[in-house]
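Here chain A shows up in two complexes: once beside chain B, once beside chain C.
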Partner chain A sequence: MGVVVVQLGQGGNQMGYALFRCLASASDSFPDQFFRSSDKKGKTKARAVLIDMEPKVIHGIIGRAKSAPAQNNRAVWTYDARGVVTGDSGSGNNWACGYYDHGPYNLNSMLKAVRTEVEQCDVFGGFIILQSMAGGTGAGLGAYLVEALKDEFPSSFILCYCIWPYESGEVIVQNYNVVLTLSHLQSFADGIIILQNEQLSTICRTLLSIQRPSFDDLNELAVQGLGCILLPSYWRAIETSTRPVSRAASKGGSESKLSNENSGQSRVRILSDLLSSLCFHPGYKVLTLRFTPQVPAQSLAFTNFTWDAQLKYLRQMFITGAHKELEMDWNIQLPRSAVHDNKQGMLSPAVPCLVNRSVASLLILRGNESEYVDVSGFADDRLYPIWQVDPLSVASSSSMYGRYELATCLISNCQSSVLPASRALTKGYNMLASRAYLHQYFEHGMEHASFDSAFASIEDIVCRYSTL
Partner chain B sequence: MPRECITIQAGQCGNQIGCKFWESALREHAAAAGNQGAVFDDALSSFFRNVDTRYKPPREIKPRGGNTPILSLKARAVLIDMEEGVVNQLLKGQLSDLFDKKQYITDNSGSGNNWAQGHEFYGPKYSESILEKIRHEAESCESLQSFFMLHSLGGGTGSGVGTYILELLDDNYPKVYRFCTSIFPSAEDDHVVTSPYNSLLSTAKLAEHADCVLPVENQALIDIIRKRESLDARLEAGQRLPSSITSKGSKAIQGKSFDQMNGIAANLLLHLTSSMRFEGPLNVDLNEITTNLVPYPRLHFLVSSIAPLSTSGRLVQRPQSINQIFTEVLSRDNQLMKASPSSYTYLACAFLMRGNFCTITDLNQNVSRIQQRLHMVHWNTEGFKTGLCHQPPLDSPLSLLCLANNTCIGSRFASMKESFSKLYKRKVYVHHYTEYMDPGVFEDSCCQVDDLIAEYAALEVLRPPDTVQRLKSVLSNI
Partner chain C sequence: MARRNKDSSDCLPTISESLTYLCTILSPFGVTQLSPRNLLSAAANEPSASPSIWSALHQLICLQLASPSSSKPVANVLLCRLQEVDRDHLRPHDVTVIVKFYLSLWGFPFNSRVFSLCYDTGESQNLLLPLAWLISRCDIFKRALDARIENLSPRSFKVFPFAAADVSKTMVAAERARQARTKSEIYIQKLVATSSSLPDIGLRAKARSQQTLMLYGRVRMALMALHSSVSARAKFIHKLNHMQRELKIKDQDGHAFSQLDVHILEHKEILDKDFEALQAGTHVGKEVEMCELHEKTFWQWMVSVVVSRESQGCSDQEIPTHPERLKVLSEFCTTSIIPVVEQLKHYAVAQENLVRVPRDPKSMEIQVDSQMLNLEQLSVPVMVKQEVPTFLPKVLFPLHEVKFTLESAPTGGLPPTADSDAESIVERLKLIATALVQVHAKIRSRNRICLEEAMSKYTTQDYVLHNFWPEDSFIHR
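Moving on, here comes the complex of A and B:
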């Protein structure tokens, strides 16, 4: 089954390259869902479409892919030249330029490249879109493309993996751009994972001993969690009995039909299972990722990893809405009783109790004995609304993930995902009230009403999550 | 597929700066090519054309796959002057091969430091010819992104013909960005008596027809050079020199100093376009600069400053840290304009860094540090745009260009208006202008500049409103 990755804009393309490198090196063979071998010379190609309105970045990463040294005695992988769509002039950080000008103009060539790649899949599993939300191409053109893809492939899944800009400002009009993009993705994508540049940078500096992280460092960290989800894994139950002698005793946790004949477990289908367990409600689509361990590369050999410790940190990160292992507030605990009062979450305007409440979560464990670890702490009733009867799905794989003996990744549809949107909204209103920069958008055919409806849509999203 | 820029040099000053710019650009690209030898790639193609002169007419060679050999480089430029001296000198000098016959227009008699003569007489006279030459350049571009206008505002040709060309470009190529590097006359050493008229009349046109203006003041350049010279002398002598050498008494500007001044202005252009010409992890195109730094259409005048500053292309003596460079770039001594942005309000600010060893984190950390020191307008407290290009400049391993949209420009325009009024009250020299144009043009331009000053002043005193109206979600009632 194949999944097509669409890399959009400078941020998306740089991340896409890091992602394919991660997927290629994390296991013994190239995962079939993300790579395919080209007929004539047997070269491995990534199932990717690269789109940018200026050519420099794409040429750069194609060059890097070609000249990369062979890993693990395998041939290198490359990008297929037919999947590249570039424009000339860039979008100038202008969302309206990306959406109203470049989008329609390049639609045919983009759809053609996408269709070519989709046709190469035996069974098509859906799209993963990599984009940044602050710029012009990733954000504006991305929003247009997601709409177009939903039109063209109405029954396919679309997961957007989006970079949220530094709050100290990367692009001055970023508050407008993120609001506009998120409102469009909310309508047309099936799931939206938000990754904050700020958090990546903090993790690099405080936990990974990289004092001055470059974009390469940030991208590598950014795709770690995503790679952990996308590699093969198998469903398991939340509570397992103590380590059984025969492996046939483990139960599958969902209704997936694909099975691995060796161990009797059913395999997680990328995108369809992921999205159906997390984003089953059209109003709740915004997800976050939390990954452990967060340890510098040079310390990996000297650190003793245990499941208990990893899961303890991960659970507290989940409860407090934090993203890094250190400096969490361990005082924040779940309330004694399971009072399902929707005024208790972190977004509550009344008295926020700072607990991060969720709609649903998916936990993936990789490493030895991951099938037997107890994860019932993540399924605690007090973290989820009363109408959620089956909040947690768990998958595992006994193989190592890259250099990590044990790795855990938690994707949750929770309140902390919309906190950055809420902040951007406030700043955006401020700018909108002064009518600053609006002429840049109107020049490309946008109207004030579009701004109003985008802001309204984000207000709705924030409101929904705050009532969890 | 590069984004090409066509440079238009108008008047004596414009052509001299242009000359310096082309020289430095060639050296930069040569340095970037390094030992492999230069090939005609996308980077070079943004400012140069590659032609095979064995054919008549010479055949264009496009960059293909980065291995195209360089045959004969021609600058993508149009040179205009109403006197022959400067352009002829350029064509006889080292850069003569860069330009061919179809790229320049000259006349004999000059514009007499008269904006009206430039704008109303020479402009229309040569408009067909100008458009023809620009069209010739534009046709050889695959995807033209912007026009760069180099001119001064104090004289006649640069200001008059220059602004006329700007209007032509606005009419004929509305989607192409128009960037102007305009040299404002200096208060001290100004030999041109009619310069207040010329500057004001030009400013009115720039506000209307340019997309972005980078004003450069002669006075600022002079001060930079004097300071630099005294600093260099002290460093070389290794001792403290008596203060008389560092006095600010006005000296006659010598030829060498003009060259250095032009060099600084050319540096501004090089840094501005470095992201388009070279690779970097965070590219900033010209259209991004306009989108981020121009919140209201007419407020597009940016105060620029560069650190470190070099005048004669010698290597900067002291190796500098990134933090130091950020602090330096905000000092008044590094600005190319005499103004005090720190006492006024910043509307938006861009930092474009060039250098090999700087990372995005360094940039962000410094921006957060600086954010607290600057007074930003309330709706844009995080209004910073950052860019990073890996190719360092010729004379230093690291350099930073800061472009600030700041309300101090309003006060600069106010003083320009004052000098204008002093002359206009008595209608001195006005008859030279009314020979070519309607006297109403003075009044109109005055009004326009007044409006501009008022807009900046309003933003200066703007206070955040008590409440901002927000849309209310229907779900909040559930």
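Moving on, here comes the complex of A and C:
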């Protein structure tokens, strides 16, 4: 099943390049969901469409892809030149410029590039949109393109992987942009993964020993969790049979010969299964990724990974809403009483104890004996609303994930997903009240009512998550 | 001399080829002394052919007695059945007696010359007719054909998979669909149970509204996934058609292979086995056709033999008188082989499972004997006028069907009182004939095979007229 990755704007294109590098290096062969062979010369090409109103970044990553050395004795991969759509001038971090000007102007060329790539897929699985939410192209044009894709491919899944800007303020109007983008994506996308730059930067500094993380470092960290989800995996039950006699985790991955395929398990279909298990409720579409281990590369050889330890940290991260393995509040525990009698949600204003409640979660385990690990702790009813049944889905793959012997990734439709939106909403309201920088939007044809509806939509989202 | 049929459109084989075929198919059935040369010699009335024809007749009778319908070859079974004759020395006279007996028993025309021929007769041509008659009665051609095609019978065709190999995994898909359906049903039950367990009605309503939205979302996404699968399928079919056009895979008529053709070609082993079955079927067809052609030629040759015989002035012998017939019958019955009645008894016992045979076969024999005796007595002229009325009930008494016939007769159930002798004789003959027919029918229904054969000669018009026609009647045929 083929998935087309649409890289929008500077942030989306850079992250897209990092994603394809991660997918190519983390598995034994190029996953055919994201790569295809070119008929004429046999080269491997990414199933990607690159869109930016400035050509500089796109040309840069295309050049990097071409010149990248071969990895794991495999040929390099490249981008298809037919999937590139560029403009002459950028959006200037103006959401309205991207949505009302560049969007309609470049729609045909964008759809043509998308259609070309979609036609290369034998079984088309949907779109992954990589974009930032603070700027003009990724945010504005991205929102417009998502609407257009939904019109053009109404039965295709759309998963948006969005970079949330630093809350300190990369762009002065980022609060407007994120609200506008998120409101549009809520209406037209099937799932939205929010990735906060703030958290990525913190993890790089505190856990990965990267004091001044570059964009590459951040992108590499950003796509770790996404790559863990997108690589092939197989459904498994929450409770499994007795684990066989434990064996030392082998680094070579030879244990992966105990193939999930041979055991008759069904494979996770990217996007359709993913979104069906997480975003089935039309009112809850915002997702969060948590990935472990968060260990510097130089420490991997000296670290002993165990499933129990990793899952313990991951669970606490899930409960507290944290994204870092360390410096979590271990005092936050699940309430003893039944959920509906003692609801203490993260967004409850009067309650200091913050338990991150979730609509649904998907846990992916990669590594040796991943199919036998006990993950029942993530299915605790106290983490989910009273009306939810079977909220946890688990998939596994006995193959190693890149350089990690054991890797876990939890993608959850939880309250922590909308925390940044809640904060942005507050700040945005303040700016809106003073009518700050609205003229930049009005001059591109945007009206005040658009802001009103966008803010109302985000308020609705935040309110809905707070009632979990 | 071989003669080719003039009808070239049927491409009939030559007579010698057909006779060779006949001898070939007779050989497995134990008829080993017959050869095309003998048959042609017999047609030419050569005495040297007579022993082989008699032997063939004898073998065919043995075959019919041993296994009336089997296609398997049999040995000289009659030797085993002979109880009073030395099995190792079957005399030519015995052969002729056996042949004549069973021919008469089975209904071969009694006025045929064969009944007066000896083993080394010079009229070998007259032996061909009973031979042909037995070949027809024993259904030799069909039996031989069944034996020949038994090993060639086409194997049953192996059924192709209902879908192409890559789609054959629909078995897995069907199983997963079943699992998904089961999972969905369980999920719904859980949802309902979860919301039903909530104590507060407001909470319950809220929970169910959320669950409804959840189900809507799941259905929507399932439909999207289904749409994707359908689109993929259409794409694959289009791609397959395109590939076929590009590869220019065409059949003998220049038509591109259809997807069904490709699917069939994909399962080469099944295709090969089906080809084998087709070839076997073709061989069977050829055998059937060949057998039909040879049979047709054989019968045409037999017609020519009959025509030749008649042109030579040979005719069947005069129909013997009743005493003469009885004398012949008694001669048969005095042989060392099973007499007629015992033979009938044997058949009746053998057919016990198939027909309703009276427990005491003797009662049937006595009934048959007495009825025949009464019929014979009716032929005595003095009985015509006075004793017919009294004799008729004796003949007709046990049979309800005959009673019905009698009652429905123009005379209203009374013996005929004709104005003239002629009329009375005619009426009497009508009643007798009717009685005979009814007796025949009744006996047939009870002892179908054997007694039918035994009584058949008594129910012919010739027999009735020749045996019950009063000599002093002024009505002559």
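The criterion applied here is as follows: the second predicted complex is superposed on the first by the 444 of 468 C-alpha atoms of A that agree within 3 Å, B and C clash if a C-alpha of one lies under 4 Å from a C-alpha of the other, contacts with A are read in each partner's own complex, and residues count from 1 in each chain.
By definition in this document, a contact is a pair of C-beta atoms (placed from the backbone, for glycine too) under 8 Å apart; a residue touches a chain by one contact, two chains touch by 3 or more.
The structure displayed is predicted, hence computed values, not measured ones.
Applying the stated clash criterion after superposition on chain A shows that chain B and chain C can sit side by side. With both complexes superposed, B is the one of chain B and chain C in contact with more chain A residues.
Of the two partner chains, chain C is the only one touched by A:Val123; chain B is not. Here the vertex is the CA centre of chain A, and the angle it makes with the centres of chain B and chain C is 140 degrees, a multiple of 10. Residue contacts after overlaying the shared chain place A:Ala449 against neither chain B nor chain C. When both complexes are overlaid on chain A, the residue A:Ala301 reaches neither chain B nor chain C.
Shared-chain residue A:Phe215: touches chain B; no touch with chain C. By the touch criterion defined above, A:Val171 lies against chain B but remains apart from chain C after alignment on the C-alpha atoms of chain A. In the superposition on chain A, contact is made by A:Lys56 with chain B only, not with chain C. In the superposed pair of complexes, A:Ala81 makes contact with neither chain B nor chain C.
With both structures placed on the common chain, the touch criterion links A:Phe280 to chain C but leaves chain B unconnected.
Taking the two complexes aligned on chain A, the least Cα distance separating chain B from chain C is 9 Å.
Overlap of the chain B and chain C interfaces on chain A comprises no residues. Those residues of chain C whose C-beta lies close enough to touch chain A in the complex are 176, 187, 190-191, 194-195, 198, 203, 206-208, 210-211, 213-214, 216-218, 221-225, 227-229, 231-232, 235-236, 239.
Taken together, the chain B residues at the contact with chain A in this complex read 1-3, 42, 142-143, 145, 279, 281-283, 285-288, 290-297, 348, 359-362, 364, 367-368, 371, 378-380, 382-386, 462, 464-465, 468-476, 478. Contact residues on chain A toward chain B in their complex (touch as defined above): 10, 14, 54-57, 60, 86-94, 97, 136, 166-173, 201, 204-205, 211-215, 218, 427, 429-431, 433-437, 439-440, 452, 455-456, 459-460, 462-464, 467.
Listed in rising order, the residues of chain A touching chain C in the complex are 122-126, 155-157, 190, 266, 269, 272, 275-276, 279-283, 340, 385-390.
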